[in-house]
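Here come two complexes built around chain A, the first alongside chain B, the second alongside chain C.
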Partner chain A sequence: MTDILQVLILGIALGGVYALMGSGLSLVFGVMRIVNLAHPILIIGGAYVAYWAFRLWGADPLATLPLAALILSATGILLYKLVFEKDAKSAKYSEMTVLLTFSVAMIAEGALGSAFTNTQRVTSPDYATDAIFIGDLFIPTGQVYAGAVSLAIIAALALFLKFSRFGYAIRATTQNREAAELMGVNVNFVGVVSFAIGVGLAGAAGSLISFVFSFFPGKHWEWIAVLMSLVVLGGMGSVLGTVVAAFALSVIAAFVGAWIGSTWSTMTFFLALFVILLVRPQGLFGERPELA
Partner chain B sequence: MIEFANQTEDSVVEARKARVLKMAKGPSQNRAAWFPLAVLAILLVFPALQFVGNFNYFIHLLLFAASYVAMASGWNILGGFTGYISLGHNVFFAVGGYFAGMIFARYGISTIILAPVAGLIAAILGFALGWITLRVRGPSFIISSLALVMIARILFDNWEFVGGAAGLALPANSLPVEWSKLPYYYAFIAMAAFAVWASYRIKHSKFGLGLRAISKDEIKAESAGIDTRLYKIGAFAVSAFFVGMAGAVWGEYLTYIRPNIFLIILVSVNMVLICLLGGKGTVAGPVLGALLIVAFNEIFVATLGASEINILATGLIMALTLLFFPLGIVGTLAKAGKLPRILNWD
Partner chain C sequence: MTAPLLEISGIEAGYGNGPSILEDAGLTVENEKIHCIIGPNGAGKSTLLKSICGMLKIRKGEVVFKGKRLNGMRPDQIIALGIAFVPQERALFPKMTVRENLRMGGYRMRDKNELERRVGEVMERFPILGEREKQHAGNLSGGQQQTLAMARTLISKPEIVMLDEPSLGLAPKIVSEMFSIVKMMAEGGITVLLVEQNARIGLQYADRGAVLDLGRTIFEGPAAEILEDPRIKRLYLGGGKAERKPL
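This part shows the complex of A and B:
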């Protein structure tokens, strides 16, 4: 019983981080119809911001989180202007953008790799290796902090989307781009801003994972499939769905890791992605099978 | 109406068949069929230079390019003609390589002889996988193909029978060093020629016409009476065949089968990039693209060294192609009416 509870706790603690990693991806797809395969490498970019801030100034990754988010948002805007604005009207847009984001991911991987080498990195603030003990259970502090901060950020995002006027415009664009435009929403501006928010979330997620996982540029391939599985299971474009899917898959992966073997725990995500795409391409909360 | 009713059913079928063939065939009037044959002839006698000096490096480059011509021409049948972009075709590369490599290691049967069998195994797997994954299209298909590579990588990394992540060493052949590359050279040239010929024949068959209709508009193709599902799965299997065949010989050539030779993303990216750059959906595109990409790789690795730069450059070429020449070199030139005759292989 303790074992089950222990695995459950570890799964939930990571679930929050996965949720934050996936939510930016989901937001960008919802608004822009861009499947951003470069999201994971941008997360690693955010992790490098946290890593260098930690190494050079000893800054806490949690404190430099806004910095990472800002730097990545700026990158996002630049990226959008350079790459994605051009073809937004073409018919095969979302298929084209998969290949485009894929090549952006390679460019970023190569750039990060040649700047910082492919050595495994990790930031190690005091709490990263700490744990809270309750009876027989141990709860790794770093993961709890990361999970809590992730959930706080996602809550803020949800409130912003739900109650602010701009969030209203974002949701309208997600639902129906043409109708939103007819109602006077500047959909291009909404697009840029939500892309910037999405990539900014990648930056925030990056500073959190910098002390939860070890990372190097080449690792993003694995995360592409992991994050896509969350987003697809949740229903592309549904941030709530992504959060639910993140917790579900993270817990399942934790159990697979504990009972079958740690090499197979990532397999959970890949198999889930494969199966969901084929069985229920619209995911849990997605309504429109447009992607299929 | 009356006239139509008087016709027997057979003659309608005949007339339709004739019309379909007319639409499918009609090779371009401007093409120069002698050029690919001349290139092939030159490639076949090229190794004679070994008598006067050591050209092993050039033989390696040509062999490398030929392997990519075979793979990219195969990929082109699914990605170019049918319009289903797969980023997971290196799974078939691995399956072909492991199948032939394991038999070669255990029973000593040359992978060159085994290559067609390895291709068939890959095609059967492609048929099965296509049957599952071709339910979805567009971005979903691309993502599912990526998931496939990840799954295959974990499976091969943990499959002790085939050596796991460390892989398996294969014996090198006993030919003197100046001739040792030649069996593989001719094998890959033959595969490349076969793949180019096959993609030409497919493009101008009823099957190919159906595939091209699917890439234009799948729903219209379906309502025009094409069994789109069967056609797509067929295209998947045929494209897997060529990739699997190339994989078979590649393992013996490198004297190694190991997951991080076959199942790295750069291999499948190269297939995609070669077709995009050369012009997907054209016969000459993959050949031109393969030559350019192999040359680029060689220049980047020779001058800049690090593999990170190679990844960056590959991504950059891909992004620039997608943004500025989405039709590729052959496609863009053909659209502008400036395609030189020697590059018109359609």
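This part shows the complex of A and C:
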């Protein structure tokens, strides 16, 4: 019984982090129909911000999280201006962005690798090695913090989307771009800002994973499949769907890891992606069967 | 006579880099009247309305609204001038509630209290929307969706409302409800520019009409005159189903 509870708690805490990683990706896809394969390497970019702040100044990754989010947002805007703006009107836009973001991911991986080497890194604030004991339950403090902060950020995002004027514009553009324009929404501006928010969320997620997992530039390949499985299961572009999918898959992966073996834990996401695409390509909450 | 509210002259337009769909389309829309554009399927009626609000590029000719040239402006900028458009697909946000859809109608408004007041007003005027304010627009019936789309234009108090086939796919009883909304709009001082497949009904409600075919305006005048013109009658208003005959 304790075992089950233990695994469940870890699954939920990590689920929060996955949800944060996936929500930025989902937001960008929803508004701009960009499948951003560079999202995971941008998360790793955020992790490096946390890492250097920790190494140079001993700064707590939780304290430098806003800085990582901000730096990555700015990177996002730059990326958008350089790479996506020109093609936004092209008919082959969706297909193009897959190739474009793929090459951005490769270039960024190469750049990070040559700047910071491919050594495994991790930040180690005190809480990263602490644990809370409740009875027989062993709960690593770092994962709980990461999960809780992720949930707080997601909650803030959800409130912003639901109640703010700009949130209305984002949701409207996601649901019906042409109609949003006819309500007077400047959809290009909404696109840039959403991209900046999405990549900013990647930066925030990077700060959190810096003390939960060890990372190096090449690690993003593993994340791509993990995040894709969340976004596809969640119904492509539905932020809420992505969050639910993240918790579901993370808990399943935690049990697979505990009962079958930790190598199979990551496989859960890959297998899920494959099965969802075959069985229910519209995901849990999506209505449209098309993927792009 | 005062200057027309909206003047479209000799426009040529098409989708992307594709061929020109409109070749020489023109229209004079006068203040506080109901205008009805008729013409066979594929004539370019929808394309004309989309060109007016900047959804596709005008290649030649111009669109002038209250003395201002609209060519090259983005849809959100054109809408801000006081032009509302309900396209054929109705342009609702399927996963937003009825109330949220109405709020989107006043997206450009800065005064939140005033927006809520107008949303409340519209829901009072259209009780069916008030009853369903918490339902997702995607779950409404066709008639309710059309009502919502038309009612939503009232939030921003536009000067001109363009409606693309408001009767499309609706039962006859519902169709007359839609036209009574059109009439109500006009009585409230809104100029209505209507595209109607159902030419006879459309023209009966309209003050003025225009016939569009193959991307060209081939006739413009009082609606009653169009209804009586024997040639137009034969080509575009023919009785029953077999309406379309080549020129």
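To be clear about the criterion, the second predicted complex is superposed on the first by the 291 of 292 C-alpha atoms of A that agree within 3 Å, B and C clash if a C-alpha of one lies under 4 Å from a C-alpha of the other, contacts with A are read in each partner's own complex, and residues count from 1 in each chain.
As a working rule, contacts are C-beta pairs under 8 Å (C-beta built on N, C-alpha and C of every residue); 3 or more make two chains touch, one makes a residue touch a chain.
Not measured: the values here are computed from a predicted model.
Applying the stated contact rule after C-alpha superposition, one finds that A:Thr263 touches chain B and leaves chain C untouched. The partner of chain A that touches more of its residues, comparing chain B with chain C, is B. Of the two partner chains, neither chain B nor chain C is touched by A:Leu70.
By the touch criterion defined above, A:Leu137 lies against neither chain B nor chain C after alignment on the C-alpha atoms of chain A.
Look at A:Ala179: by the touch rule set out above, it reaches chain C but stays clear of chain B.
Contact with chain B, but none with chain C, is seen for A:Ile224 once the two complexes are overlaid on the shared chain. In the superposed model, A:Met96 makes contact with chain B only, not with chain C. Once chain A of one complex is fitted onto chain A of the other, the partner contacts of A:Leu284 are absent, as it touches neither chain B nor chain C. Contacts of chain A with chain B, set against its contacts with chain C after fitting on chain A, share not one residue. Interface of chain C with chain A (complex): residues 16, 53, 55, 74-76, 79-80, 84-85, 87, 91-96, 100, 103-105, 107-108, 156. The residues of chain A lying in touch with chain C in their complex are 91, 165, 168-169, 171-172, 175-176, 178-187, 287.
Within the complex formed with chain B, the residues of chain A that make contact are 35, 83, 86-87, 92, 94-96, 98-100, 102-111, 113-114, 118, 217, 221-222, 224-225, 228-229, 232, 263-264, 266-267, 270-271, 273-274, 277-278, 281, 291-292. Put simply, chain B touches chain A in their complex at residues 85, 87, 132-133, 135-140, 142-144, 146-148, 150-151, 154, 157-158, 265, 269, 272, 276, 306, 308-316, 318-319, 322-323, 326.
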